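Both complexes below contain chain A, partnered by chain B and then by chain C.
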Partner chain A sequence: MIRFLMLGLLRDRSRSLFPLLTVAAGVAITVFMFCFMSGIKGDAIRDSAAFQTGHVRITTAAYHQLEHQLPVDLALLETSELLSQLRATEPELSWTPRIRFGCLLDVPDASGETRSQGPALGMAVDLRTDRAEIERLHLEQALTSGILPVLPDEILLSQQMATQLELQLGDTVTLIGGTVYGSTSMVNLRLCGTLRFGITAIDRGGFLVDLATARSFLDLEGGATEILGYFRSDFYDMNQADLLATDFNNRFQDEQEEFAPLMLPLHRQSSLGELLELWGYFSTILIAIFVFVMSIVLWNSGLMGSLRRYGEIGIRLAFGENKHHLYRTLLYESVLIGLTGSLIGGAIGLTLGAWLQYQGLDYGFAFKNTSMIMSSVIRAQVSPAAFFIGFVPGLLSPLLGTLISGLAVYRRQTAQLFKELEV
Partner chain B sequence: MIRITGVCVGLLIAWSVGVAQTQLPATIVQPSGEQLLELIDANMVAATQQSTFSLNIQTRRGSRTIRARSWAEGSENSFTEFLDPPRERGVKMLKLGTQLWTYHPGTDRVIRIAGHLLRQSVMGSDLSYEDLLDNQELLQYYEAAVTGIDTVLERSCWVLDLVTREGEETAYHTRRIWVDRERLLPLREERFGSSGRLLKQTGITEVMQLTDRWYPRRMYFRDMLKEGAGTEILFETIEFDCEIPSHLFTTGALRR
Partner chain C sequence: MTAEPVIVINGVSRLYPVSSGSFAALSDIELTIAAGEFSGLVGPSGSGKTTLLNLIGSLDAPTSGEIIVLGQKVQELDARGAARLRRDQLGFIFQTYNLLPVYTVFENVEFPLLLLQMERQKRRDAVMDILERVGLADRAGSRPAQLSGGECQRVAIARAMVKHPSLVLADEPTANLDADNSHRILQTMLTLNRDLGTTFLFATHDDKVIQYLRRVIVLFDGRIAQDEVRDETAVSAGTPGGYF
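Moving on to the complex of A and B:
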């Protein structure tokens, strides 16, 4: 019967073309939007994890409360013992200490007087012994000039800031900041390279130094503002991260003091949880709206089809075809149209998604003043789910449309058929 | 010039000092605000001063002590060199009028403290650089009035209220100072923001008699917006009207 219906649809294109185009267009939009949103969500998770939150992050409870102020004085003072313990008990994660701090970057002239100065946001990572950090932050790809720091007195500066301060490779800059005890601290560093991460918040005024350099500058020997943990699979497992954090925090619960270490999973930091949840809702709402709108469109299309096929349906009923059977065949037809439309629309949506995944779209101009850790190059992500997501609205909407419009079959009175058909 | 000693914190780092003993004329039962400010000023300011002092800083994570030596010329110019702990040794600060420079031997750079740096803490204490520069002519910026008598540390004190004059901009909108009626020392001071929130609290907890005047020996300074028990300042040695080489009050002296 399916072959019969398919032949009917192919031979009478006016019956199938409009619904097919509608479904294909709708599915293409749905699939593309799904890829687009998955891309934004994936980028946000990846960038946040790499630059700020890790998959899990340990700070002191006091630091966590005021972290927007980057309070170095509330940092973890001794991290080596905690790191050894974490590496032994949680080997499925890779653990690394980092320091984030704010300071002034002062550029001297030939006589040592201040030539230019500006506030800067520093990140210190273990560049000299932890190759994984270089790869995680894509530092080699982000280098726009020079090399990564090799010596302790070297600094990498964002390209934008280096240009603003009129710095050349090899120039000396002075960092002016506060130590963990609040004293003013200064250190001279040599610019060894410039970076561009494509993340506006960092590219605007960020710099990167080796962990040891920052520890010496901040008088934080052995300490760090945070310890980040990354699943070795590189896949963020929300449930496992939650379990890990609960277990860790329970272990340190006895130390009810403000400097006790506190572990937070990625989705409980920086409002990321709310953002991820919002994305989930948004995807569902998008698909629901699409199904609803398409159903109405296809209902209308079905109604129009019914009108146009008024005679055909009447003749079929007059020949003694059962109303239920007739209704079922209409539903089968809609499934065939939905399936074909979903395949065509899905292919179009996936092609567009794949194009945006590889090409990317730079929208940094819209984030000039933002401080969010978010890539300014937008990319879609073609995930396995994207191959299936289009079938939900693609099949449901014509089916729903036909379910409603097809009810007209039951309103036809056999006794009046000949009158209606003007035979 | 009229300076208030609430500012005696600035003074401690050796920025102001007193030499000539001043007493309230017997005829004045209750001085006006302006008169009281002048009397405090006369008691606390010296031509030159050399002192060694320590700052005991109580933070959320514990305490630490910093020692320094300072030379001052009136309340306008001063030169301070930090002696301890080892990390801070050799750090120097120079104040010339309303300008402040700092020198860190590790960088061999002389940096002028300006802009937001002025709000930074001095060596992690409750004092900001801005507090150190607080030797402004208070009567120019504030309306002063003696509003009563109170007792602080079992001493009878005038209560002196300062309110920012209309059109003037100050770091603290109002100040209340408890001035020892006999020794003319500001035994306590509270500084408030425009919302009425208490921002800083200072006071003298121990005094010493030097020749014919009373002078603070131990003081405290507390930033009420910071957690911690505040900063205690202890004068170890102090010498007035000593000879200070004039080259000390130049930026060149910072590198020597």
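Moving on to the complex of A and C:
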């Protein structure tokens, strides 16, 4: 009997091939989309954490308010005590100070006259004592020429900027800006290397120096604009980060004191939080739509199938097949279709996802003017969750379709069989 | 014939609800069919032939009265019991053959045996034997679409007969066939009736069928108008009868 039904299934393409392709296509698209979006989400979090927000970030409350102006005068003035405290009480995170500041970048010619000049965005990280920073920012991979700074008077420039300013390795550049206390500050640095991050906002006009270099330039000895915390697992745990921040702020926040340190988790900084929330809605909606559309399509094909198979079902009933048995075989068929289609579709979706994960897709050209910290290379992220998010609806929707359309078997009056079969 | 009758019908009526109350498709039918009969319900269209065949085939239940098929009271059977009776004892032949198009001749005929969960080798033998008898053994691998109408109906006969049912119900089996094919399939059924002892009950208004019947039960407006057993000479002489 099973063989008989299988034969029918295989030979009747509209009963097997069409629903199978529908399921496979639907599942493949869902799985791939999910991988795609997970990848974007994962990258967005990683990039944002690495370059800007940390998993959690501590600034002064005032700095946070005016962050877009890069107000170095609102920086944390004393960080070493806070850092050792943090490292003692929150050892599951690694903590590191950074300074972000803006200044004018001036390139002198041989006689000391300005050859070219432009505003630039500086990031100072602890290059010499914190190996983790180098890895976190992928500095070695981002290096397009030269070496990482070893001396305090060395600077890394974005490749794009170095080209624009027509700089060679070893050339001198002058940083011109203001100290924390408002006086003018100037320092000559030597270009030791160039960087390309694949992050448009940074590649456009950024430079990177050692923390000590920035501290002396800004007269911010022992201070930093921010302290970033990273979970050692490398995995951003939203709830954990929230707890940590609440706890920290309960201890340190003071309505009166605008220089009191304020800790914010990644998703409460910048626009990333909204992005993540949006992502959650979006993936829910995507999956809901998929299940809905698939169910409609497959229910329809189930209905059409029952219509097409009206004669077959009638004959099977007339020859004494039990209604329950018949209904069950219809359900088994749909499970088989759902299972095969979902497996095939899932495999295709994951393959495409994996391809995009390892290959990557550079779309930087589309974001020339963005200031969002976001990698211009899309990479998917393959995960078991992605598979199941396609697999489960892929399995269920044909079953659901048949479950409903197959009920016609029960409504079929055997009293009408002779008449039906004589049309 | 000493065996107990295959069909016993006592005072059966079948009413259909219609807008103006109810319509009696069958009224007060009394009928007994013995084992091995080759009989037919004969009458004009709308006289109740199909309705009666439905009741006997446990596809429908009477409004009143009693139907006993092979010792079982049809009106007392639930869906499962009725299905079992059909599966084990009854064969059906329809006007439009109703073969399953995706299956071969062999597989179509094999289907009733699958429902009986007969083992493979026995199934094979039974299918090939019956195909032999209807003269289609060489077409076992063909699909219905590759066969003529007459061949299709012979496959349908094979399908109805393959499990050697006690009773075969055939509703207008020749309605879609030309004279030659009609005669052939009736000869086939007559032979099967003789060789296997299967009871046949037809519903027909086709003279070509009627001339083969050994008993003609005439229905008119849902009542039995005439019930005539004919002797062998009348049958083999092929007198059509002129019943209506």
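Basically, the second predicted complex is superposed on the first by the 396 of 423 C-alpha atoms of A that agree within 3 Å, B and C clash if a C-alpha of one lies under 4 Å from a C-alpha of the other, contacts with A are read in each partner's own complex, and residues count from 1 in each chain.
Here is the rule we go by: a residue touches a chain if its C-beta (ideal position, glycine included) is under 8 Å from a C-beta of that chain, and two chains touch if they have at least 3 such contacts.
Just so we're clear, the structure is a prediction, and the values are computed from it rather than from any experiment.
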{"item": "Chain B versus chain C as contact partner of A:Met238, first or second or both or neither", "value": "neither"}
{"item": "Chain B versus chain C as contact partner of A:Phe259, first or second or both or neither", "value": "first"}
{"item": "Partner chain in contact with A:Leu83 - chain B first, chain C second, else both or neither", "value": "neither"}
{"item": "Touching partner for A:Leu7 - first (chain B), second (chain C), both, neither", "value": "second"}
{"item": "Which superposed partner A:Lys323 touches (first chain B, second chain C, both, neither)", "value": "second"}
{"item": "Residues of chain C that touch chain A when the two form their complex", "value": "50, 53-54, 57, 59-61, 79-80, 82-88, 90, 92, 94-96, 98, 100, 102-103, 107, 110-112, 114-115, 117, 171-172"}
{"item": "Chain A residues within the chain B interface of the complex", "value": "62, 73-74, 77, 104, 106, 108, 112-114, 119, 174, 176, 178-179, 181-188, 219, 258-259"}
{"item": "Complex contact set, residues of chain B against chain A", "value": "57, 59-61, 64, 66, 87-88, 91, 102, 104, 106-112, 116-117, 120-125"}
{"item": "Residues of chain A defined as touching chain C within the complex", "value": "1, 4, 7-8, 11-12, 311-312, 314-323, 414-415, 417-419, 421-423"}
